[in-house]
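Before anything else, here's the structure in question.
We just call them A, B, C, D and E in the order they show up, numbering each chain from 1.
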Amino acid sequence: MGHFIKRYHPPGTSPGTLGEPPSTSDAKKPRISLIDYTDTDFEEKDLASLDECRLQLKRDSVTWIHVQGTVTPDTLRSLGELFVLHPLAMEDVINSGQRPKTDFFDNQLFVIMSHPEIAGAVTNVHQVSLFQGDNFLVSFHDGDTDPFDMVRTRLRRHSGRIRKRGSDYLLYALLDVVIDEGFPVLETLGEKIEDLEEALLNHPGKDTLREIHRIKRELLLLRRMLWPQREVLNTIIRDEVVPIGDDIKIYYRDCYDHTVQIMDLLETYRDMTTNMVDLYLSSVSNRLNETMRVLTVIATIFIPLTFIVGVYGMNFGNNTKSPWAMPELNWYYGYPLIWLIMVAIAATMLFIFKRKNWF
Amino acid sequence: MGHFIKRYHPPGTSPGTLGEPPSTSDAKKPRISLIDYTDTDFEEKDLASLDECRLQLKRDSVTWIHVQGTVTPDTLRSLGELFVLHPLAMEDVINSGQRPKTDFFDNQLFVIMSHPEIAGAVTNVHQVSLFQGDNFLVSFHDGDTDPFDMVRTRLRRHSGRIRKRGSDYLLYALLDVVIDEGFPVLETLGEKIEDLEEALLNHPGKDTLREIHRIKRELLLLRRMLWPQREVLNTIIRDEVVPIGDDIKIYYRDCYDHTVQIMDLLETYRDMTTNMVDLYLSSVSNRLNETMRVLTVIATIFIPLTFIVGVYGMNFGNNTKSPWAMPELNWYYGYPLIWLIMVAIAATMLFIFKRKNWF
Amino acid sequence: MGHFIKRYHPPGTSPGTLGEPPSTSDAKKPRISLIDYTDTDFEEKDLASLDECRLQLKRDSVTWIHVQGTVTPDTLRSLGELFVLHPLAMEDVINSGQRPKTDFFDNQLFVIMSHPEIAGAVTNVHQVSLFQGDNFLVSFHDGDTDPFDMVRTRLRRHSGRIRKRGSDYLLYALLDVVIDEGFPVLETLGEKIEDLEEALLNHPGKDTLREIHRIKRELLLLRRMLWPQREVLNTIIRDEVVPIGDDIKIYYRDCYDHTVQIMDLLETYRDMTTNMVDLYLSSVSNRLNETMRVLTVIATIFIPLTFIVGVYGMNFGNNTKSPWAMPELNWYYGYPLIWLIMVAIAATMLFIFKRKNWF
Amino acid sequence: MGHFIKRYHPPGTSPGTLGEPPSTSDAKKPRISLIDYTDTDFEEKDLASLDECRLQLKRDSVTWIHVQGTVTPDTLRSLGELFVLHPLAMEDVINSGQRPKTDFFDNQLFVIMSHPEIAGAVTNVHQVSLFQGDNFLVSFHDGDTDPFDMVRTRLRRHSGRIRKRGSDYLLYALLDVVIDEGFPVLETLGEKIEDLEEALLNHPGKDTLREIHRIKRELLLLRRMLWPQREVLNTIIRDEVVPIGDDIKIYYRDCYDHTVQIMDLLETYRDMTTNMVDLYLSSVSNRLNETMRVLTVIATIFIPLTFIVGVYGMNFGNNTKSPWAMPELNWYYGYPLIWLIMVAIAATMLFIFKRKNWF
Amino acid sequence: MGHFIKRYHPPGTSPGTLGEPPSTSDAKKPRISLIDYTDTDFEEKDLASLDECRLQLKRDSVTWIHVQGTVTPDTLRSLGELFVLHPLAMEDVINSGQRPKTDFFDNQLFVIMSHPEIAGAVTNVHQVSLFQGDNFLVSFHDGDTDPFDMVRTRLRRHSGRIRKRGSDYLLYALLDVVIDEGFPVLETLGEKIEDLEEALLNHPGKDTLREIHRIKRELLLLRRMLWPQREVLNTIIRDEVVPIGDDIKIYYRDCYDHTVQIMDLLETYRDMTTNMVDLYLSSVSNRLNETMRVLTVIATIFIPLTFIVGVYGMNFGNNTKSPWAMPELNWYYGYPLIWLIMVAIAATMLFIFKRKNWF
């Protein structure tokens, strides 16, 4: 349920208000980590207070501060002062559940992305907010587990190009992680859809429909949160203002391709689930038809026969004075004749149903 | 019903006609309030007559006149003279139920917005009309309650940037309120949808369908009234002519993002309700199927048995002259045998239904 | 039926052919009226022959010739010579049922619009064709009643700006009438839809569906004829070539807004009728379900009971020689016992149906 | 069936391959006709060999060569040499079933159009291919009947402007014929749809559904073949490269309007047939409901009554020893009382059904 | 199942990682072939090691290296070094199942296409990756059979223009093959659809629905893989950067037309299958209706009759003391009268059903 509405301040609140930390007051304190690197140097530590990092900021290195968990307004305010973040952007960090978007304020690139995560049977979507400046990057992730560990390892080990490039390449590396997390999520959903389709064709039941409905809903949610990511990447690539080097834009273009592939899969899944609902409805109709045919065959054969035996259950025969009073009862072959007639009727009925292909 | 057609003058009426006040002649007189402020000064009063405000207009301050309730043509005409408002725009103020739009006449920005409001079980949409000039802002709201109280408080308390900026920032502040009122409305609708979905899965009834239908209709109405707001904000941001400072455009861009988020949610809700109709229809079909199976099982078991007992209710046995006249009746084990046969038939039927998974 | 295909000449006919007057040979002669005005002068007369108006054309006034009813090829040809109208445009005037469109030939603006009109239970769409030149305007309306009377009155009374402006403002005034006629038509349709919706929820019948179908068809027709009007207005506003003054473009923009509002309403109505078909189908399914439940409850309770009473209608009891021949018949409490058993069965059935929420 | 796939060479074939004539080897030889005209001169003949026309080509006249029927690769190759046609274009002429398109190769305009034709109950679509150069036009039509006879007559009679203009006007005249042929086809379809709609409302049957399906399929085919014609005309009008005089573009714009009107009608028809399927399904559901009600009313009235008469058909009365053995049978008013009870039950049932509006 | 998700590295992997060869470790080694040609020379060989081809690369000829089958990371790495391929592009070659796309890196054109192939009852889609540089072309096909044999033959035989042009024409020739393979695939699907449609109209069964569902799914897959090809071709034609000669662009435009035709057909097929599902559902409803009518006719005729015969099966007649005890039993014409009454009832029923058109 929490998926469908973003957090918001009461209408009329002054823009840029950070306010109190969002309701879940029992939230854990967020973990803040710092990585500071150049091609040759590398430093990594967990920050207890933000003051510890003032030193690194002055140096000519790339400083990456990552805040994991729900950020408190105080921490955010301190970060805002330290890196001169825009108040409207900070409000979007606090009011999680935002639509992915990008904005460019005073030489800083601000990006919000959606990070989908399979959590048991449901899919959660976390908000990732990133500020990228000339020589720093501040990132926020409002979930419990940090998805960026592999990037940290690459930084530590000096693998690939990552230590040789600036904060724009680091931003790419983080966006790439967030976007690519869509693939395992979609793979899981795809497997569920395949299973459901097989269930639908072989032994459809009431639960199958509910399951389809649940998957359709999940796809709807994912679509809403992932669709704008394509636009975000497109803006970063095309916008003249964004200060990202041409050699790095190739990497962003690769990211963009991934968002397109993800949306493509989502749309295909949506079409597949729609087809499945059709198939389900058809198979329900089919089964109803089959049921009704059984009833009709049985009923139309036996109802006339029951009528006939009813006739000879009438008590007119007791009237011995009238020759019109059920003389059949006294015929020598009366009883077998009735059976003959009834067998003939049943056979005719069956023949007709056979010809109509009813069974 | 009043939702679906806007007020209009008879076709052929001269453009800019203000005419008589719209039918509800028992309408209360609108309340007119004035706020006049600079960074240092602040004045606020309720106006009985518009002449009282001529003084403020000449000063170098920002003057905000707000008209709450259905405006009379006379008041509007006076305001039109005072601020040189365009006749076509004034006609749109009177003929409420307009689609949100923006226009730029002779250095004045004219904006119409839709203000959704939850009123018990239904959603009302009020029209907000705003004229913004160099140093003034005139706003109209055709509902009963004034949504702008929080902005007034911010002006009074000199909180945030609002007193330091001009009328363009004030316009932003008011648009922000109107747009953000969409969030609580959508939250309420979202909760209703969640409730309905649960009802649908657990104990669907005839009322569930009506409720879904009502929500679909409400979404349709909201969509029609809120969709154009995105376009309005987009025009304000992109249009070269509109005299809004670049530093303030950032705020308008934030507003634009909110309209996009609201439309996004509306579309998601629409898709969800469509899915719910499908689900409802499927569950009705399912229940029909179940009903029919019960009938079929009972009928196909008992109809043949009833036929058999009917056979032995025939009165051929009275014919003692023929050996063919129901000799079974006189068999020593005739009656138990019949029971055996009937039990066998019933068991076979049940076995067949079990194999067909009918219960 | 006449709504769905426009009149056309056989393929291969030379372009600009006016041909014979369209089939309805018993058509009345069209009425031709002339209004000639400047800010100070005003002249109005009905024309018997077109030669009468040659004088007015040479003067520096605005001349408006209006042809009401189906125009004859001869009249059209004379008008064509008088005002140098383009042959292709004249062909479009004759072949009524055209899609609204605008074209600009040699300093003349040619506009075709659709004029919807409620005629009893159905909606008619008339074609309005307008040629606007420097100091003249020629208009054609192929219906019986002239919609432009209010404009004539405004011209006569010198009310508003209309006499002070040129032929471009007159064109606006006429387009405004034609477009605004859509509002009462849509209001009527909207009321019908509201009525139908109420009927659907309270006492749906076979006629309800037909009525919905008829309204859907009418909306389809209106949509086809009104949709292009938006494009026409847009072209007039944006096209550089069209010689319409900037001060008058504001009025055309107001017209454009009205076409947008009309299309908006049409789309909303379409969505509403689609929802209504869904609702109708659901309520039919629901009623079927209800019917079937009644049948099933009655049948499943009585079919087993009828079987039991059938058993004791068998004539085995006549066989007095066998102790196995229905000894129950001779039990002291046999008959009450049977009733007890039957009541027990019926009660169990009812209990099961109650638990399944079947009534 | 032949409608749905275009002819194609095996993948990997060298581009511009003309290959063997398409399979129907028993095809008649195509008829080749030549018309050569200036404002003053006119020559017309049927060509047995292409060499006959070399003379005309050198003159300063417009030469129109028309090939009626399936063209042989040899003829096409000769024409290709004569007029320097592009190999890819010639391949498209041979591989009929192409989508309408236009291309501009070395000062030649190449156009493919679809020519719909009502042939009994079905609609055929023929391919018309046209090459227009400075002073020549080569046209191909792969059907049996030549649609261009009226143009020839206009050329012969020197009617209208056609002899005074160049090959670009001739191209327009031919395109106009091909496009306008859509109107009678759509008129016929429209009449069929009206008939079907009436049938649907008054006496729907199984065939009605098939007929609707067949029309939907035909509309699908027509849409696929006619939709791109709009794009073709648009390209000819807008493209800077195409050497068509501005005075003639007006005529092409008229053609473009016709393609738009045709697509408009097609879309309306599609919407109408979709509505008709909905209506059909609803009426089937309605009839099912009605049927079930009849069954339910009859069954629920008589099933309880049959049970009651069954009770008194039981043979407990023979047991004369027990006072509990159906004493009712011996009551003085027993039989009339039973009838009274049964009439009361039936009346109650009927009253309930009446109140439920079941008949 | 493998169709729906592309291969991907775990999120966070360094970009351009080639990693281990994708899971199917028992894959055969890919076959690598080299063709090197100028207008005059031609060389063709199978490569065991890539070193063999270094010589050819230095010459002024066009070198085409084709890798058939799943490429190993090692081979790819060597090729990457040899031709300076971009790491991100190489990653896309390894991670097959990519969406068709094109990219331009440092004077190299990189294209990914989808190659559909009918494999028995299902359709497979292979990935074709192509790198085109100034005088070389490297192509990868991840299926078992090489589709490019006809191009090789054309090169060997020096047929058409192919040996006279550069690597850009070769790229066209290969793309043309890949795209045109769509036609036979669609032809096969089209025939299946025609067969299904006929089956649906004449003898629809449960399998028909499954078959429709399977075809809808296949169309969905094909659409997802073929739709982007249009965009790829469009980019190649329009993009200024791509170094393809204008004389060759005509050929690419022809390719583009083919992708448009293929998508057109796919969309038509999708619409057709959607119509077929509707038709299926309608025919199921129709059959249900028919079944129910048979049941209702039989039941409503015989249920009242059975009631009547039940009445005279009651044992009141044994009560000889009361004149009210079923005196009918003792009437002289009692029995024939009952038959008369029953025949009359049945006839009335049949007449009513006849009038209601129930059979």
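Just so it is clear, contacts are C-beta pairs under 8 Å (C-beta built on N, C-alpha and C of every residue); 3 or more make two chains touch, one makes a residue touch a chain.
Note that this is a predicted model, so its numbers are computed, not measured.
The minimum number of touch steps separating chain B from chain E is 2. For the pair chain A and chain B, the distance between C-alpha centroids works out to 25 Å.
Centroids built from CA atoms put chain D at 40 Å from chain A.
Shared interface positions of chain B, defined as residues touching 2 or more other chains, are 281, 285, 288, 292, 295, 299, 303, 306, 310, 313-315, 326. A ring topology is adopted by the chain contact network, closed into one cycle in which each chain touches exactly two others. If you walk the ring beginning with chain B and heading to chain C next, you pass the chains as B, C, D, E, A. Here chain A touches chain E in the complex through residues 147-151, 154, 159-160, 162, 176-177, 179-181, 183-184, 186-187, 190-191, 194, 201, 250-251, 253-254, 257, 260-261, 264-265, 267-269, 271-272, 275, 278-279, 281-283, 285-286, 288-289, 292-293, 295-296, 299-300, 303-304, 306-307, 310-311, 313-316, 318-319, 321-322, 324-326, 357-358, going by the rule given at the top.
Chain C contributes residues 1, 4-6, 8-16, 86, 88, 98-99, 101, 103, 105, 203, 206, 209-210, 213, 216-217, 220-221, 224, 277, 280-281, 284-285, 287-288, 291-292, 294-295, 298-299, 302-303, 305-306, 309-310, 312-315, 317, 326, 329-336, 338 to its touches with chain D in the complex.
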